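Some structures are shown below for you to check.
Here come two complexes built around chain A, the first alongside chain B, the second alongside chain C.
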Partner chain A sequence: MLNTSVAIRDIAKKLLDEKRVDLIIGFEKGSVPLRSTPCFVRSTSEADRLIWNVNCENNLAKYLPKTKERVAIVAKGCDVRSIIGLIKENQVTREQVFIIGIPCKGMIDRRKIEAKLDGKEIIEAEEKDDTIILTGNNLREIIKKEEFLHNSCKTCTHRNPVIYDVLIGDKVVEDQAVDEYREVKEFEAQSHDERWRSFSDEVSKCIRCYACRNACPFCYCQECFVDSSQPQWIGKTTNLSDTAIFHIVRAFHIAGRCVDCGSCDRACPMGIDLRRLTKKMEMDVKDLFHYEAGISLEDMPPLATFNPDDPQEFMMV
Partner chain B sequence: MELNIMENQIQQPREKVDEWEPKIIAFLCNWCSYAGADLAGVSRLQYPPNTRIIRVPCSGRISPLLILRCLQHGADGVLVSGCHPGDCHYISGNYVARRKFAILNNFLEYLGIEKGRVQFAWISAAEGKRFAELVQKVTEDVRTLGPATRLVRKQG
Partner chain C sequence: MKELEIAKTEVVSLLNTLIKEYKVFAPVGQNGFITFQEIHSGSEAFLDYINSKKPPKEIFFPQSERLFSYDLSKGEGWSVEEPASEKKQRIIFGIRPCDARSLVLLDNVFDGQLYKDPYYSGKRKNTTIIAIGCNQPSSTCFCTSLGGGPFSQDGSDLILVDIGQKYIVQVVTEKGKKLAKKHNEFKEAEDNSLSLMRDTIETAEALIKSKIEVQKVTEKLDSMFDDPFWDLVSEKCLGCAVCTYLCPTCYCFDITDEVTGQRGERVRTWDSCAFPNFTLQASGVNPRPSSKERLRQRIMHKFNYFVANHGMAACVGCGRCIKECPVNLDIQVVLNSILNR
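Now for the complex of A and B:
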């Protein structure tokens, strides 16, 4: 990890020195253990703040839409897929972004570690190979990284950046065996009533803070349908009907665009299982239109195009 | 579209349960399905009176928000219809719409909204009879499902 950090700093300095970019977007050490935060570097003297570790889960592609500058961005597999999506949606140009790609073995879910520690405070966390050493008052524990990965990382099938300008570190082996839609299929196997009950239980926790929307690289609309007052599509309450429709339409709006980076899921303060919704959209788009988001710069976004032979069995005959 | 006009069409006091009659909103495209409904009318075809028609320029105009808002504000069922594939007045509006409808249809079912509450069809301007039949079918389906409860916005 240290090597990766050093490599990021070197490339950042080089890019800034040669004036190839105006801005580097990467990560720096956060103020608490197991936390890295986005970092914006404009001069070589600041470049040493840049780091890389297993807490760089944020999807920095969020900062790209509508930027006018030339930007170098540190990006994992899922982040690169988001960048591809944003380029296709004309939010940023390929020439404008310099992708510092990093093959990723998965990021760590702090909440899962905290749950295990039962309230004990971590003062320091140190990464060592496949483990993390946690220390604090009455605390010294060595945990295995793979047991605390984010849910989206556990089912990730694109750990290596699909495109990049420079790749730091060796490519990692992609997980071919994982069934990324297992949970969706299990949910589908339930009855209508059970599905409605569990969907409504889940979304009734929502406080409509919109952290999920704000974290999503694809939610860049100037005016979101939830904020529109003319027409006011849905009420601004946490009434079940309003929240349910908010979640249905949010999922609909990222259909064929979502790359399952997990940002929304991580951002939710209420712990709502948002991937249950986004994964279904992803699966259907794949099944119906044979499209996977963020893999190629050439193919058309699935909802912006059509095939005369698209399935229509669902329609009345 | 003025949402409050749309809502006035749907929002009427709920009758007592034993007198319940399904309220169905039909979004029909101007060029085919609306003309199909017109033909049903001038041909004096009988079909259940539960459907309120909203004319839209094209099935491509239908946003899921329109459909969901109907369900939220008292419609028991929604029918969406446009020109048959290949016949769209705007060449491809219905093809693009079909993709949206496919995923919306699956998604609503996934979340436990009863199958049949929201239905999609192609009806041409010549298909007055088919229009009457499909409206009959949707009305029966919704009647079997009973009043919509999921997604309905309760007052207060």
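Now for the complex of A and C:
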């Protein structure tokens, strides 16, 4: 990981030196163990802050719709897919973005590690090959990275950036065998009542902090429907009727756009399984329109276009 | 009053007794984390924990609360109904000292000299607070910088110190004394237990390494409103409400009407300075148009305006915002950066 960090710094310095970009968006060391944090670098002297490790879990594409600058962005496979989506939705231009692509073997879910430690606190976490060495009070444990990946990483089929301006490190082997929709299918196989109960249980945890929405690169609406007061589409409470509407509408709004980067899932402080809905949307779009978001700059998003032979069996006549 | 003690094995039976008379809230494990909930059996309380995910402030200031309901459907005139006030006495058992202290801060707002919020102060008045000090503060804790500490007594009626097989009970208020006297699980503390208690407290305090000179932060902020610092520090902020909703001292709220036909409820819900609508004016102007102004407000409010209004910072150093921020925007880092400006 050190080599990757050094390579990111080198390319960052070069791009800034040659004035090809104004800003590098990458990661720096976080303030607590198992965390990295987004980092904005505008001068070569700051470039040595940039790092790469298994805690670079945020999707930095989130910051693109905001910026007017020419940006170089450090991007994993899923982040690149988000960038493609944002380019297609005219939130940023391809020319404006220099993609520092990084093949990714998955990011670590610190909450899974914390759950395993049963209250013992990690004071230091050191990445070593395929393991992480955790130390703390009465704690010294070596864990395998692959056992603690984020759920979205475990089913990822696009670990390598599909487009990039520079690729750092060697491409990694894509997981061809994984059934990424296994959990969705299991959910679908349940009875109506079971599905509603488990969905209700999940969204009942919601505290309406909107971390899921705000971490999502595709939630860039100037005014989100939940914020509208005239008309006020939904109530502001944490009653199930309000939280359910929020999560259902959000899932629908990112159908055909969501690349399953898992940002919403990672951002949620309450541990809601947000991918249950978004992954279902993704699967449906794939089944109905043979479309996978964020793979190509050329194909048209299915919900932004019309074809006479679009499937319409689901329509009520 | 001299310290008391209670054997750990007696705690469940104490809680079971208390439940008969009081509505008892305690830390409970649910969905993989701790929240404060009403318990119906002493064994539901999970006391060997670091801190709850959500702060117990919601026991006094719920995330959504019906202020009153109204009905215009009855032809002539209209009726308004207020929620029945809670008659049953309540106990929070096992709250952490930082969260107990947060109630003292919130009292300034909801139960102060100028204004008394009946919803909050009613609940506050009928609640007894029994805290458990922190033998093992988390690395994100910085309560001692804010005038608190792992065994701070502020806001508690009784505070328990875990010395292994038993808790030493410090009696802080009359309310606490009354409660302790009523229950024979509380016994007079033995002398050797007291020295153990002092060691425990000392060890725990030494574990909190972070020391931020908050008073200097307050002074610095006086002249930092227009500092370009806010552009830089807010750049990664996502504008969600994780930090404010999980904060034991954030108290901003919104009021909306939930209307169905001729009937409706007026509801108070938590609001957050991180949200765009927080300061959106009817004219369409928003004086805090971006995350820069919003984050500045959060820091200014906690460490400057609140100090000016109430003589204390609106932060207890519980570290929840540090643990849960989706982008690791760490308030301690922000405060230290302010000091280094």
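Here, the second predicted complex is superposed on the first by the 313 of 317 C-alpha atoms of A that agree within 3 Å, B and C clash if a C-alpha of one lies under 4 Å from a C-alpha of the other, contacts with A are read in each partner's own complex, and residues count from 1 in each chain.
Heads up, the rule we're going with is that contacts are C-beta pairs under 8 Å (C-beta built on N, C-alpha and C of every residue); 3 or more make two chains touch, one makes a residue touch a chain.
The structure presented is a predicted model; accordingly, all values stated were derived computationally and were not measured.
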{"item": "First (chain B), second (chain C), both or neither touched by A:37", "value": "second"}
{"item": "Chain B versus chain C as contact partner of A:289, first or second or both or neither", "value": "first"}
{"item": "Chain B versus chain C as contact partner of A:235, first or second or both or neither", "value": "both"}
{"item": "Which of chain B and chain C A:199 touches, first, second, both or neither", "value": "first"}
{"item": "Which of chain B and chain C A:182 touches, first, second, both or neither", "value": "neither"}
{"item": "Partner chain(s) touched by A:128 [first = chain B, second = chain C, both, neither]", "value": "neither"}
{"item": "Partner chain(s) touched by A:281 [first = chain B, second = chain C, both, neither]", "value": "first"}
{"item": "Which of chain B and chain C A:58 touches, first, second, both or neither", "value": "second"}
{"item": "Touched partner set for A:116, first chain B, second chain C, both or neither", "value": "neither"}
{"item": "Interface residues of chain A shared between complexes with chain B and chain C", "value": "232, 235, 239"}
{"item": "Residue ranges of chain A touching chain B (in the complex, touch as defined)", "value": "187-188, 192-197, 199-200, 225, 231-235, 239, 241-242, 244-245, 248-249, 251-252, 255, 280-281, 284-285, 288-289, 302-308, 310-312, 314-316"}
{"item": "Sites on chain A touched by chain C in the complex", "value": "30-32, 35-40, 58, 62-63, 111, 115, 119, 121, 123, 137, 205, 207-211, 213-215, 223, 227, 229, 232, 235-239, 266-267, 269-271"}
{"item": "Chain A partner contacts - residues on chain C that touch it in the complex", "value": "31-33, 48-50, 53-54, 63-64, 136, 138-140, 232, 235-236, 238-242, 245-246, 254, 256, 258, 267, 269-270, 272, 275-277, 322-324, 326-330, 332-333"}
{"item": "Of all residues in chain B, those that touch chain A in their complex", "value": "1-3, 64-65, 68-69, 72, 85-86, 92, 95-96, 98-115, 119-122, 134, 137-138, 150-154"}
